[in-house]
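After this come two complexes, each holding chain A, first together with chain B and then together with chain C.
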Partner chain A sequence: MKDSLRQSMALFHTWSGLLLGWLLFAMFATGTAAYFQDEITRWMQPEVTGSADPEASAQGAVRYLNKVAPDAISWYITLPNGRSATTQVYWQPGDGTRGKRGETSAVLDQAGRAITVRETSGGFFLYRFHFDLHYMPVLWARYLVGIAAMFMLTAILSGIVTHKKIFADFFMLRFGKGQRSWLDAHNVTAVIALPFHLMITFTGLVTLASMYMPWGIAANYASPSVFQEQVFGREPAAERSGRAQPLVDLAPLMRAASAGWGGKQVGYISVTNPGDATARVLFTRSPGAAIAARGETAAFAGATGKDLAAHTASGAALATESVMIGLHTGRFAQWGLRWLYFLSGIGGTVMVGSGLVLWTVKRRARLPDPARPHFGFRLVERLNIAAIPGLATGIAVYFLANRLLPADLAQRPDREIDSLFLAWLAVGLWGMVRPAGRAWTETLALAGACFAAVPVVNALTTSRGFAASITNGDWLFIAFDLVMIALAACFLHAAGKVAQHRAKKAAAPLRRTSRKAVSQ
Partner chain B sequence: MAARLLAAIPANYLLTSLATATLARLLWRGLGVDPANASVAAMLASFVMFSVLALVAFGVRSALKLWLWMIGSGAVLGAGLWLSLTSGGRL
Partner chain C sequence: MIHTLAIALACAAFLMLALSMKRHQRDLVGRTVPEARARLARIAGWLLIALCWALEGWMLGPALGTIVWIGEVSMGAWLAIAIINWRADRPAR
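The block that comes next holds the complex of A and B.
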């Protein structure tokens, strides 16, 4: 009975892992990058230097918005924190229309001037791709991502049951042993970071839980908006009175809000009916200041600065949910923990990737005719090439495009994103037309070369190359270059390994025949 | 295999949804938890239930027994939910 359970779990693990493995690989890779989304954005805007003061930035943003959108329904301001140096603003136009992206948002510096040079989506794009994908409706993408996450959760659980010697294998990594090595790589990356994988998958589902499992809320609330109001305290905006009254200075209010939260900083500001007597300012605690994702809020009257009673939802389940989302997004993490998040994410990416490769390695030996595999096998092999070296090349090209596209190109952020997908598509097609073994070597080498090119192109096109970063003590740029070089080394090493393996395989039948000749 | 796949994914989702809704009602109306927390607690538990049920669907020996269990518990949960909804409305 025990063995048959293990067998059925192994079967389940193999197929549930394969079916959504490619999507999961992309989610893990971009999600891992997203732990450094602010840093990636800073790298992609090399003209922006130094750090920004949140209070001065808030005042700058208000100056900008007063000029650009004085009669907006509401303003949303994301303040800079220790990691970012820019302010993001977004507004809802007063005429009720939904403006196109880029027309109702801007990135500002501390003084409230729009940053127009080298416009980019930066690390934010990688973060959004992690759960919104691209070129498809966000809603569909989120359902798809949710299904993949649920497969992941069940694949992890069945993997634990399948795995006989989970603790012995903790220390087992045999190199150069073909299938055994792939299995070891899969096991080690899975087991070492197992608590992380379980945590990240479960909390990932929780981030969009009310989309995937709305029935708990539907059972108690006839309309989800009532629930939203109770939990988030989102009041319907008051009608504009028509009596113009300028907004009070936000800096003292920010200090008051922060004092009310035990010194934790303000991260977001929203202003409804700006410039009107009914204006209302809502501060939300910075996500970096505590684990829980649903930050404390404080509300003030915009015209007088009077403290309005802010709504706070409480309760064990809501707090648990909020902490789970915080654990997933890791916005609270300081440097040490952030790198640990990043490395665990890399572990997860390798786990999914090695699992996908393992599927083909295991079956290749059992093929009736290894020279001409059946369609399913070829499909998986090709999709693996498209998914693994393809996405890696795409991300490297995204960084390269940031440096190489003209700085004042129209719709520059979109062109950068297009470059990523064009490179990804090209590698995918390349993998289709070339013999599989050779395609692996070539595409892995290409991914490695593209990552290696990033520090070089950066040094040639900006004044913040590796040497300059070392002399300036610019740790962000030093670390970025080093990660690019490490990734390049890994991919080039992998390409070399595949080439070696192919050479050995090509030589093997020869040796066997020559031995036969000697014995005769 | 098809019976297990059906049980593991669509039937599982239906059953988990029913259980989540019933649990949310039970926590609020039965145990006096405030409705927002009751709903969220049931929602958090639902992912555990779904993933374990999916594994069970492939792990148990008899697919027939599995289906009988699922239909049976679905009927009990459905009846409980219906009773609860008729006895007191939603917010």
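The block that comes next holds the complex of A and C.
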């Protein structure tokens, strides 16, 4: 009875893991990178140096928006924090049009000047790809990602049942033993960070729970917007009165809001009807200041600065959701914990990747004719090549494109993103046309070479190369280079291992057949 | 600094737990360990993990402390696995 449960769980684990493993690998890899999205953005805008003061940045942003979008319906301002030095602004044009991306948003420095030197989506793209994917409608992407996450959760649970000796094999990581080593790697990466994997998968589903399970809201509220209004107290936008009245200085209001939250800083500002007598300013607490992702808010009248004592959403369910999203995104984490998040994420990526490889390793031994595997096997093997070295190469090329594309290229951020996918596609195609074993060596080596090229190209194209970063104590750039070198080393090492393995196999076909005879 | 100490504690905890397991004893100390000692190592291991949690909880509060503790325990386990492998790889004495 017990064994049949384990067998059915193993079967389920194998196939659910395989079916969505490729997507999960991409989600894990980009999600892991997204823990450093602000740092990646800073690396991708090497012209921006130093740090910015939130209050001065808010004033600068208002100056910019007064000039560019004085009659907007609303402004949204994301302030710099300890990790970023720029202000992101976004506005809804007054004529009600949605406006193209890039025309209704800008990245500003502390003085409120638009930064146009090197336009990039930076780490934000990797973050968005993690759940919105790309080149497809966001809604579809989120359903797809949700299905993958659901499978992930069931794969983890069935994996725990399948894993026979979770405690006895806790420390088991044997190298150079073929299938056994892949199983060890899969088990160890899964078990060591098991609390993280469970947390990240479950909370990931929670971030989009009201989209995946809309029925609770549908049964109790007339429409989702009514629910939003009742829970979050979003007041319907007041009509512009037509009486122009300049916005009061935001700095004292920010201090007042911050004082009301026990000193936690303001992270976001939204202003509705700016420049009008009905203007309303809403401050939201910085996500770095507490675990809960939904920050406290404070509202003020934009024309007078009067505290509007806004309704703040509360309740146990909302607080739980807020903390879960906070745990998932890790925005509260200081640098030490952020690295732990990152390393756990790497562990998760390796877990998914080793699981995918394990599927083929396990079946290769049982193939009737190993030289000519059946279609399904070949497909999985090729997709593994596309998914693992392919995505890695793509991300490295994304960083390289940031340094190599001309600064004044039209739609530069999109071209950077296209480079990622073109490289990914190229590696995928390469994996299709080459013999599988050779393709593994070549694509892993390519990924390694691309990562190794990043610090070199960075040193050649900017004044913030490794040596300069060391002398300036520029830890962000030092760490970025080191991570690139570490990734390069891992991929090149893996390429070497595959090549070695292939050479051994080619040298000893006799031994292999004799061993097979023995095992039969 | 205190976090480095916590990771070191977690690593020590897992080494203790490994020491309580027959298959790792020869790698770690070159011989098998009597059952009574092994039980002691197991208790010490779990106590160290608990101590690590108490330390972080005391430093950062129960909420953030627990999150950091889970991350550090994972790190400690990785280090322990690295040490076990390094010891196992050395030629037998």
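One rule holds in what follows: the second predicted complex is superposed on the first by the 509 of 520 C-alpha atoms of A that agree within 3 Å, B and C clash if a C-alpha of one lies under 4 Å from a C-alpha of the other, contacts with A are read in each partner's own complex, and residues count from 1 in each chain.
In the analysis below, a residue touches a chain if its C-beta (ideal position, glycine included) is under 8 Å from a C-beta of that chain, and two chains touch if they have at least 3 such contacts.
Please read these numbers as outputs of a predicted model, since none were measured by experiment.
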Touching partner for A:327 - first (chain B), second (chain C), both, neither: second
Partner chain in contact with A:192 - chain B first, chain C second, else both or neither: second
Contacts of A:291 with chain B and chain C, given as first, second, both or neither: second
First (chain B), second (chain C), both or neither touched by A:219: first
First (chain B), second (chain C), both or neither touched by A:8: first
Partner chain in contact with A:141 - chain B first, chain C second, else both or neither: neither
Chain A residues touched by each partner, larger count belonging to chain B or chain C: B
Which of chain B and chain C A:341 touches, first, second, both or neither: second
In the complex, chain A residues that touch chain B: 1, 4-5, 8-9, 11-12, 150, 153-154, 157-158, 161, 202, 205-206, 209-210, 213, 215-222, 226-227, 230-231, 313, 315-318, 320-321, 324
List of chain B residues in touch with chain A within their complex: 16-18, 20-25, 28, 33-44, 46-47, 50-52, 54-55, 58-59, 61, 81, 85, 89-91
Chain C contact footprint on chain A (complex, rising order): 168, 170-171, 173, 175, 188, 192-193, 195-196, 291, 327, 332, 336-337, 340-341, 343-344, 347
Residues of chain C touching chain A in the complex: 3, 14, 17-18, 21, 23-24, 63-64, 67-68, 70-72, 74-75, 77-78, 80-81, 84-85
